[in-house]
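Next up: some structures, all given as structure tokens.
You will see chain A twice below: alongside chain B first, and alongside chain C after that.
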Partner chain A sequence: MNINTHIVFFLILAVIAIVCAVLVLALKKISHRVLSMAFCFFAVAGLYFLLRAEFIGIIQIMVYVGALSILFVFGMMMTDHKNVGFGPERKKVHKFLAFIGVGTLLGFMLYGIMGMNLPSNNEQFIGSAEAIGVELYGNYVIALQAAGILLLAALIGAIVLARKEAE
Partner chain B sequence: MDLLTMILYAVIILGALLGAVTYAILFERKVIGYMQLRPGPNRHGPWGLFQTIADVMKLLMKEDIIPTAADKKIFIIAPVLAFVPSFAIFATIAWSENIVGADLNIGVLYFIGISSITTLGVLMGGWSSNNKYSLLGAIRGVAQVISYEIPLVLSIIGVVILVGSLNFREIVLYQESIGMWLIIPQFLAFIVYMISAIAELNRSPFDLPEAESELVSGYHTEYSGFRFAFFMLAEYVYAIAISALATTLFLGGWLGPAFLPGILWFLLKMCFFMFFWFWLRATLPRARVDHLMGFGWKVLIPLALLNIVITAIIKVWMG
Partner chain C sequence: MVPIELVLALGAILFCIGLYGVLTRRHLVIVLVCIELMLNSVNINLVAFSSIGPFANITGQVFTLFVITLAAAEAAVGLAILIALYRNRESIDAIKQDLLRW
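Right after this comes the complex of A and B.
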């Protein structure tokens, strides 16, 4: 793929990701929000594929689209899904201040990204499954195990809490 | 490959798939017919060859009905969301040594990851119909697919450990280099794979999500016309895709005696698997839902884990 198609695909995926992320906030029904969230994750996975980080891209799809969205849908099914607002409508001053705060954050982030000095090496790093596996189970094996135990503890904790409520 | 070849490849695969699904349905009806000592469809065309085409025409010309209580947008998107991934997974399948779409180095993972999106389509379809049977069918279907995805993936890991690669072409080339199909060293994995594949496909004897006697055909109760056709299409395309995966992983892909070209061997092995699904459907009664879940979690997952341990030990021992 030459550089032009690359940019075209990047723009399409980036627009989808941003639009879907905005829709998650803007839409009214929770089921529509969940679906647009899934599409947002999907577009981000597409960006990873574009960067030749295929492994991370597919993990993004498996974990976020395949598992997390379905978890959200289950949550939506099991609970009462009426339109619940967060208190009364905000005041004008409040909205204005929030806008300024978000704008400043965006400015700082853009400044950081523009000023970032990346070392330019021609050798393209391709995050293959093998390279990631060797890193994870070689260099970072203890961190990986610790993360695993943490997740296990969270899982058991969730089950204990759910059981107590059921009784 | 440049963009034009990619699009051409995708269009050819789509056309071939539509044709394959059309005749897979006829094949299924004929096989089950002969097993039950009746001729099967034989009115339209010689040997009933135009039966499915007539059925599809009927579905396409039906009135487009959307229930008033349904969540309209999701109701429309759901069949698409169910079908698109089933077609997308064909990108990585290596039909022959040279005929392959995207030669990804994570082919197997791509296959499993993309196919898990269909669950979202099924769930959304069942939920947006606003019908209790649809919702029950969707929840059952998702519970079943999620539980059986684990043994399916674990059984594939045995193959991946032996081969040391997730690429479909390299898996087949490895089988060529050791001179036997992986079904022999990975027989346990093959059994686990076959059982969990049937549950993944929602085919009989594990077709609980659409058990017509109790759930009025499950998550697509409210769907009719071409949206229903989309769900059916996704189901059959998955049957073909899972057969292709089984062929690549366990039956040596395009390998075979040289008097036929590789792609024909691949298609023949796929047809064998398709016949196997239909054979089971004609033979076995439906399993009960609690038995199904218990079997998946208490028998298949431990067996698959055992297979991984044994394979890893053999791999280290052989060097």
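Right after this comes the complex of A and C.
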């Protein structure tokens, strides 16, 4: 693929991701919002494929689009999803202040990114699953064990928290 | 090849959308969804530097795997807390959870 095809694909995926992220905030029903989140993650997975990080793209689809979306759908169905609005919304001042703060942060970040002077790199790095595995079990083996313990703790914690209290 | 500034700008925009959602929404499930969006934008930055950065190597993708693990664990525990909260207080409105407010 030449450079223009890359940029066109990137722009399409970026627009899909941003529109879906905005729809997460704008839609009325909670189920539609969760569906929109899944599409946003799908677009980001496509972006990873474009950046030649295929393994991360597959993991993104499996974990985010597959597992987390289902988890959120269950969490939504077990709580009050029928109640769309909660009566009076947050105060207008609160929303306005949040918008101003986040907008300022975004402005500073974009200014910093555009003014960045990185040395150019013309070779695109292709990360294979084998290289990730070698690095993960070589340099980062202690972090890998810690991640395993974290998952075990999260599993037990989620079961203990969500289970009914015994009489 | 995509210029790296565009990818970083996409990450910044997604992060700010998620941050705005966390600050303004009242439904706690949506707040968790927005936190996931923010973590995802961090992943975009890591993969961008790992793939087309000035010193491209595999480390960014390894860290992305760790962030994905963390996000999954956080979502599971967060939703469990939401279910317990809903069972005890009959509401998952963020404003009504003011038991610890002074």
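One rule holds in what follows: the second predicted complex is superposed on the first by the 145 of 167 C-alpha atoms of A that agree within 3 Å, B and C clash if a C-alpha of one lies under 4 Å from a C-alpha of the other, contacts with A are read in each partner's own complex, and residues count from 1 in each chain.
In this text, contacts are C-beta pairs under 8 Å (C-beta built on N, C-alpha and C of every residue); 3 or more make two chains touch, one makes a residue touch a chain.
Small disclaimer: the values here were computed from a predicted structure and weren't measured.
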Problem set entry | Contacts of A:55 with chain B and chain C, given as first, second, both or neither | both
For this session: Could you let me know whether more residues of chain A are touched by chain B or by chain C?
Result: C
Problem set entry | First, second, both or neither for A:30, with chain B first and chain C second | second
Problem set entry | Contacts of A:14 with chain B and chain C, given as first, second, both or neither | second
Exercise. What residues on chain A does chain C touch that chain B touches too?
Worked result: 55, 59, 67, 74, 76
For this session: Show which residues of chain A lie in contact with chain C when the two form their complex.
Result: 3, 6-7, 10, 14, 17-18, 21-22, 24-25, 30, 33-34, 37, 40-41, 44, 47-48, 50-53, 55-56, 59-60, 63-64, 67-68, 71-72, 74-76, 78-80, 86, 89-90, 94-95, 98-99, 101-103, 105-106, 109-110, 113-114, 116, 118-125, 127, 131-132, 135-136, 140, 143, 147, 150-151, 153-155, 157-159, 161-162, 164
For this session: Spell out the part of chain B that touches chain A in their complex, as residue ranges.
Result: 2-3, 71, 73-74, 77, 104-106, 109-110, 112-114, 116-117, 119-120, 123-124, 127-128, 135, 139, 142, 146, 166
Seminar exercise, completed: So, in the complex, the side of chain C touching chain A is made of residues 1-2, 4-10, 12-21, 23-27, 29-30, 32-34, 36-37, 40, 43-44, 47-48, 50-59, 61-62, 64-66, 68-77, 79-84, 86-87, 91-93, 95
Exercise. Which of the residues in chain A come into contact with chain B in the complex?
Worked result: 1, 5, 29, 31-32, 35, 38, 54-55, 58-59, 61-62, 65-67, 69-70, 73-74, 76-77, 128-129
